[in-house]
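Take a look at the structure set out below.
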Amino acid sequence: MGGGRTSTWRLRVRWGETDPFGIVFYPSFYTWMDQATHELFRSPSGTFADLFETRGYGFPIAEATCRFLLPARYDDELVVVSTVARIGGRSFTIEHRFSRDDDEIAVGSEVRVFARPDPDDPGRLRTEELPDDLRAFLAGETAELP
Amino acid sequence: MGGGRTSTWRLRVRWGETDPFGIVFYPSFYTWMDQATHELFRSPSGTFADLFETRGYGFPIAEATCRFLLPARYDDELVVVSTVARIGGRSFTIEHRFSRDDDEIAVGSEVRVFARPDPDDPGRLRTEELPDDLRAFLAGETAELP
Amino acid sequence: MGGGRTSTWRLRVRWGETDPFGIVFYPSFYTWMDQATHELFRSPSGTFADLFETRGYGFPIAEATCRFLLPARYDDELVVVSTVARIGGRSFTIEHRFSRDDDEIAVGSEVRVFARPDPDDPGRLRTEELPDDLRAFLAGETAELP
Amino acid sequence: MGGGRTSTWRLRVRWGETDPFGIVFYPSFYTWMDQATHELFRSPSGTFADLFETRGYGFPIAEATCRFLLPARYDDELVVVSTVARIGGRSFTIEHRFSRDDDEIAVGSEVRVFARPDPDDPGRLRTEELPDDLRAFLAGETAELP
């Protein structure tokens, strides 16, 4: 698609995120993708984390992928550009591009689903069709979470 | 004291728990102390994690300390012996001793308090005096959580 | 393929690996895939971590993916079955299947490359063609790392 | 003492740093103390992490303590003020004070030792007396690491 909602998050690699080879322990990239998604959903009226509580829905992860292009090291300053790259029926894909200065370091994506508590069993979640107002938010056409 | 409830937990150091110096990233010891406390409270009828839900009380952390005696490395097999070393009015101390074969690697402790939801504000916790049946459990005189 | 080298690793979900929704924080699955790969390469003569030092080669990560099928929770006992599922020219794929009792929880994979220090710049790694003896190990035809 | 070298580091609590009780998983405070110490030693000519490589010495951790005063939650903005609070013969203490707006959240400290590779066994470290120029740096009298 032409490009949906997008955000930029900057981070500095911490000592505890690296490994004995002196490079980033690769699972750290997934903690950063998760956090970058939280930033993408940051809005004046709430956070990604309180969606279930404040709005009765959320976006559980269905799949996450990352390709590692160049090693990143302690104290590197990384920029993560996150974009809603696909909006499907019940799911959408967020692409995360990590760079350090002009170098692309990693490219990842998360597939997340739209889910509400199951009316027959409120302790469980049930995926549902994305409603139009949420599609507009993901597409970047509206700035506020419905 | 003569010695309260005690437990032993074995762990193997994971790659992600070490740092670029090739030794354990020191905060990992605190994640292990936390987990060792969960093991100390393991009982047939519940886990440390569901105490609030099943019994209406819990043991938030008040203070944690660790002294580091020898470095531990990737793939090391460590033994953690955890003992209730002090039972106070509203708090108690768990001592955690980490060893690798005959070497003592680290000695830490956690101070935890007895807390229940505040009747005037259920979203907050309030410390209370440890009841006798819980003291007996911590002292190792009874095997089951009250 | 019919099936390459395989291994099984059991883990119990720790408190620190879960999130405020009470389920596993999804990046934890990648730390487990990494650790399961270390177990897959465990051999009498060395560990995955000391390959560079003892043999002059290693297997940096090129890509990692995981699909999440069912939530896992604190204290769940998970089994990870890891299998070399593809052996390419310079890379191979390890598939990791996570289950809890009879339930499949997640299915992931790692693509790793064969790399040695670059002779022109020893601080950097260079991918190379997988040699035959290493292919035999990955295929499960030999038990010891060459 | 009147007060040694000091620094301030701001952080926002990440999702992966919290636990199922919806508060910070307490070992996260130690990863922050470690990182805050890295910030305290940040200087134009190097980082805490490359001291061994560039200067032939480092500061391994000997002991770390933290008292937890108020819970911190996801997305909280915390300020960590770190100060060299004691300079001993071979060791020094860094105090870390965590606050959120006007609330004090936690107070911790790290004891670190001055160490160099043992001349008789370069793979091991040996503690040594802190030299005067390093004392001056820790005391905040000089801005650059010797």
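Every chain is named by a letter (A, B, C and D) in the order it is written, and numbering of its residues begins at 1.
Rule of thumb we're sticking to: a contact is a pair of C-beta atoms (placed from the backbone, for glycine too) under 8 Å apart; a residue touches a chain by one contact, two chains touch by 3 or more.
What you see is a predicted model; the values in this text were computed from it and never measured.
*Asks:* Looking at B-D and B-C, which pair shares more C-beta contacts?
*Replies:* Result of the comparison of B-D and B-C: B-D.
*Asks:* Calculate how many whole Å lie between the centre of subunit B and the centre of subunit C, each centre taken as the average of the chain's C-alpha atoms.
*Replies:* A distance of 31 Å separates the two centres.
*Asks:* Using mean CA coordinates as chain centres, what's the subunit B-subunit D distance in Å?
*Replies:* The separation of the two C-alpha centroids amounts to 24 Å.
*Asks:* Can you list the subunit D residues in contact with two or more other chains?
*Replies:* Residue numbers touching two or more other chains: 15-16, 20-21, 25, 27, 31, 34, 49, 74.
*Asks:* What is the shape of the graph in which nodes denote protein chains and edges denote touching chain pairs (line, ring, star, complete, other)?
*Replies:* The chain contacts form a complete graph, every chain touching every other.
*Asks:* Across the complex, what residues on subunit C touch subunit D?
*Replies:* Residue list for subunit C touching subunit D: 15-16, 18-22, 25, 27, 74.
*Asks:* Looking at the complex, which residues from subunit C come into contact with subunit B?
*Replies:* 14-16, 31, 34-35, 38, 47-49, 74-75
*Asks:* Which of the residues in subunit D end up touching subunit B in this complex?
*Replies:* Its residues touching subunit B are 20-21, 25-28, 30-31, 34, 49, 52, 60-68, 71.
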